[in-house]
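What follows is a pair of complexes built around chain A, which joins chain B in one and chain C in the other.
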Partner chain A sequence: MAKGIELLEKLCQAFGPTSCEYDVADVICEQLEGKYDEHTVDFIGDHVFRIKGKTDKKLMLSAHMDEVGLMISGIDEHGYLHFQPVGGFDVKVLCGRKLFVGNYGKEKISGLIASKAIHQQSAEERGKATPIDKMYIDIGATSKEDAEKYVEVGDYAVFDSDFVKFGDGMIKGKAVDDRLGCAILCDVIDYIHENKIVPDFDLYFCFTVREEVGRSGALVTANRIQPDMALVLEATAVGDIADTPDHKRVADTGKGPTVSFMDNGTAYLPEMVDFAMGLGEKHNIPCQLKRYVSGGNDAGHIHKSSGGVKTIAVSCPTRYIHSASCVFNSADYDSMYRLARQTALCPVDETPVK
Partner chain B sequence: MADLFDLTSRLTCGCSVSGFEHGQEDALRYIRDKYFDEMRREPAGSYVFIRRAKKPGYPRIMFDAHMDEVGMMVTEILDGGFLRVTNIGGLDTRILPAADVTVYGKETLYGVVVSTPPHLQTGDRMKLPKVQDMLIDTGLSKEKAEELIPVGSPVGYRFKLTRLKNNRICGKGFDDKICAVAGIAAIEQLINEGYEGELILLLSTKEEISRAVVAAVYELQPDYAIVSDVCCAWVPECDENAIRKTTVGDGPEISLSAITDVRFTKRLIEFAKKNGYKHTVCVEATSTGTNANDIPLVGMGIPTLLVSIPLKNMHTYSEVVSLDDVADTASLVAGFIKELGGEHNG
Partner chain C sequence: MINDLKAIMNVPGAPSREALIADKLSEMIKPYVDEVNKDPLGNVIAVKHGKAKEKQKIMFCAHMDEIGFIVTYIQDNGLVRVTSAGYIDYIAASNCRVRFENGTVGVLCPEGKTEPKDLKADKFYIDLGVKTKKEAERRVKIGMTGAVVPSCVKLAGKRYAGRPFDDRVGCYILVEAAKKVKAPANDIYFVFSVQEEVGCRGSRTASFNVRPDIGIAVDVTPSGDVVGTGTNLCVKLGDGAAIKVKDNSVMCDQKLVASLHELAKKKNIPYQTEVLTYGGTDASSMQTVAGGSRAGGISIPIRFCHTPNEIIDMTDVEACVDLVAAVCEEKDI
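For the complex of A and B:
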């Protein structure tokens, strides 16, 4: 197993909702200290680590640091916090969840999304999810004034969920989307550094912000770097659950990372799909085509940036994504790491940008 | 005062799904060794703890809290190591998708309740599946799951106890083990104050499904029964004009009901008023929804009262109580037991 799983745990536990990715960036900067040629940060918080290559062809390897979260929108007379979602949630995974509430540079306090007890629900309410505007967060405060000692409007909340290895090589955690991509980028940098490799491509490892709201920092980064080719590392929702027909499973955990031919943001160039699948085949790395058009990621911005970029998205099949309990297979992490490494180290003339 | 957080942690960390309360034995032995002369398990599954009288003449007073909690049971093992389950007790399905659970098979295993991805959801997106249509992901192969998880194994919420502000805590199984904590704290206080009468703690089984408490009480035949359970705290989603608005932090709630014992309950209310104990009073005219419904009619009849601890998010893994309320309940119960003992003895 790639050693990155240990780092991934640290990254997943970090507090990093959209536009508050600072704690995540701190973990990454500490991890990468001294392993790159150049480190730049733009005005909205994207971090780019460059490892110079033999050629001037630029490869952007990208993963986003932010996670889905909640933003505190008000505090009521009883001391409960009201919120708006930051990122796409299935409302059904929110009720009852434990949270950390806070902000960058602030102590994170415990809370939970409160729910009227089943005994207090009417017949019509039972069996139905509670709409987001009817939920609220309980931190134990007794009044508005009391709550204001700890929280202010604009603070964030993220899931409080530990990192658990279970079953046959499965892992559960929050924020796997996309700290998993971040951990893999760090792993690839580590490998290049430890083996003193000078890659063919000029490599730009990009840790971006704001993916979960769609107004993505990856656009700023891509426009700045103007890469020749881009690899987006992501986590993608899959439905490989008992009772689900095969054509709706999207992909299967344990069979390697997915390569997308199309999602809701990008129709990928067939030559890029072939390149990624071919690289997997050549190096004996399990990968699979994503069998369903769903989701979207930073590739949507990157492929249209700076006059057009040949882009491919490689994703780790992840169950229950955007919940407190994202589940993935550690073998897929390993395969995805190897595929990312082989892409980074691929001679330019063996790629679609030759 | 006993360390309420520590006691809560010990009592709520193990398996105690109704009918499967065996995961608590470490905690039960700890309680026996610290406070009681004997502990026994009744045929129906309740645990009886007795601290024998040091002097004759005291009434036999029993404190009851139920030790079981809601959960699930495995009914089928499917491809990919997914489990089909059914509910034990009244589960709130709103908190289940993507929830962490513990599967108590031949080994204690982690599991997560399947949350159907949005692209697979059809029809009304706010509608929740029934528990019987939800699955649990064990991350195991079907073969391995079949080997480790016999059909019939219980599944419970995963334990995580969290401190909130203002001495409030959040966790699972507070219904009703937080009341057991209050009872134990009351007994510790009585011991420290040199109370010499017999004290019976009943940690009863299966309240959430069949109220098996009566089996144990039949044999015990106490002179008085003090039942403690949790009550649903008022929250802002409830009726703003509700008469009953007891909430977390208001102290113990004393229940007046025609089916417990009005005279006995009024003695407690008078005692609390006279001595300045923090409390509220509510009316549950013909049903308390607790063991206090059943205990009064055991044997020759038993004077029974119900004192409740307000709790939010009942039957979830994020139940919230105030440890101040627990301490206030313990003090009230201890004071009242002393008064009952003094009357008979004096």
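For the complex of A and C:
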């Protein structure tokens, strides 16, 4: 099993909803201490670690630090918290979940999402997903005043979910999207550092903020670096679950990372798709084409930033994405790490940038 | 004349797969400009330097990409599943022939008994005439693009039906204007952009690279002179070059709109005003990229846009060529 999994556990357990990624960045900074040539943080919180290359061609490797979460929008007289989603949620995954409620620099307290018990539901309400405005967070407070000792409007909540290994190499946790990409970036930096490699590309490892809402972190970072090529590391929905017909499945868990040819934000250049798939083939790394056109990621902003960037997105197939229990296969993590490493260390003239 | 347009229409180029049409257009415009460059996303940027002392940069932008399909899955029985690259009218595309970028042809079929209102990408498959997945995979692969087979037939007068006029007719106009203009006043950038149909993406990076003072999109605009358009569209087929005031993506620079009106009047070029209540063009990205530019559009009226039989009138096309050429030769725009 890749050693990065230990780091991934730490990253997944960190509290980092959109625009509040500080705890995640702290874990990354600690991990990477002394392993880079240059470290910059921009005004919205993107962290960029540079490892100088032999050439001036810039390769941006990027993963986002934020996770989907909730924002506290009100506290009622009984001490219950009302909330709004931050990022895309299926409301059905929320009911009954354990949460951490808090903010940067504050102690995180436990809470859970409650809604009306089945006994109290009307015939109309039964069997239906409870809408978000009828759900509330219970932090055990007895009154508004009591709740306000711990929480204020504008604080966040994220899932409280264990990182669990199960089955044959399967792993379950929260925030796999996209702490998995962050862990892989750290692994690649570790490898370069331990082996004292000077890469051909000038490498910019970018840990971006705010992907789940508007992707502004990647936009700012790409415009600042103005790279020649970009690799986006992501987690993607899979759809290899019961009752999804074959042609609507996005990918298969266990068959390696996906390479995207198109999603809602990007029509990837064919030379970039061929480059990524070809690199996999050359180094015997299992890869698969992402088969269904859906979703989007930081590539959407990166490829059309500044004068245009040749961009590819590589993603780990992840079941039940954007829920408390994202599930992925550690073999896919391993393959994705190897593909990212090979991309980072690829000679410039063997890439579409030459 | 029409043969040059047909040649431009015949080259495949779904969004992000514009390499072939980019080569074709580079080759066509090369003799009439000072340099031709390509940017990282594949935009073709042709430059003709001006003779004025204090020059402006004027960027004309016509997109090379056409709406199309992209293969997502190949079934065991050899039927090919696709999704849209750009906005497809699936009622119009039902049972049409589709040509892939490598020349393979198939038929786009809806699943049996699908109600017209349910005709969406995931209800379609392409029949290549093969019996197995293996045979299909020899012809197409996942991620490959295609489009409804191009065609262009003459109707009455100077009107033609076929596809893709959107926006190969704009590309044709830029090539013809480049031929016509001998000594431009300002620096003229003729840009053939990529990926307009998926959200005006190519023109963003092209504008960043060019940094124009004035950006003019040369693209088609729906004409309102057909039955049941449902909205108030003022443009009419055959009434001349349409000078854009707005669409859903851009409010054009009013001084530029006025200059274009005056210029058309002065040169006796038939023109009309375009106020489009929906849609978008590359003008939007030219207006806002980097430090921004004064943006507008010279549009070609079209009927039944994004269907296998779009209709245009060559008198409008000629007017657009004349107006683009006139802008190139005018110093103060």
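Just so we're on the same page, the second predicted complex is superposed on the first by the 352 of 354 C-alpha atoms of A that agree within 3 Å, B and C clash if a C-alpha of one lies under 4 Å from a C-alpha of the other, contacts with A are read in each partner's own complex, and residues count from 1 in each chain.
Simple rule for what comes next: contacts are C-beta pairs under 8 Å (C-beta built on N, C-alpha and C of every residue); 3 or more make two chains touch, one makes a residue touch a chain.
Predicted model only: the values in this text are computed from it and were never measured.
Superposition of the two complexes onto chain A shows chain B and chain C fitting side by side, with no clash.
Counted by residues of chain A touched, the larger count belongs to B, out of chain B and chain C. Residue contacts after overlaying the shared chain place A:153 against neither chain B nor chain C.
In the superposition on chain A, A:292 makes contact with both chain B and chain C.
In the overlay built on the shared chain, the residue A:128 is in contact with chain B alone; chain C does not reach it. Looking at the shared chain after the overlay, A:41 reaches neither chain B nor chain C. Centred on chain A, the angle reaching out to chain B and chain C in the chain A superposition, using CA centres, is 130 degrees in steps of 10. Judged by the touch definition given at the top, the superposed model places A:138 against chain B, while chain C stays out of reach.
Contact with chain B, but none with chain C, is seen for A:98 once the two complexes are overlaid on the shared chain. When the two complexes are overlaid on their common chain A, residue A:306 makes contact with chain C while staying clear of chain B. In the overlay built on the shared chain, the residue A:198 is in contact with neither chain B nor chain C.
The superposed arrangement places chain B and chain C with a least CA-CA distance of 11 Å.
Of the residues of chain A, those at positions 248, 292 touch chain B in one of the two structures and chain C in the other. Those residues of chain A that touch chain C in the shared complex are 228, 246-248, 261-262, 267-270, 273, 289, 291-293, 303-310.
Within the complex, the chain B residues that touch chain A are 78-82, 90-95, 97-100, 109-112, 114-121, 125-128, 130, 135, 137-141, 144, 160, 162-168, 170, 232, 235-238, 249, 289, 312-318, 320. Remark: chain C residues 15-17, 19, 39-43, 70, 72-73, 75, 81, 83, 85, 122, 142-143, 195, 198, 201-202, 204-206, 208-209 touch chain A in the complex.
Note for the complex: chain A touches chain B at residues 76, 78, 80, 90-93, 95-98, 109-121, 127-131, 134, 136, 138-142, 146, 150, 160-162, 164, 166-170, 172, 237-244, 248, 250, 292, 294, 319-321, 323-325, 327.
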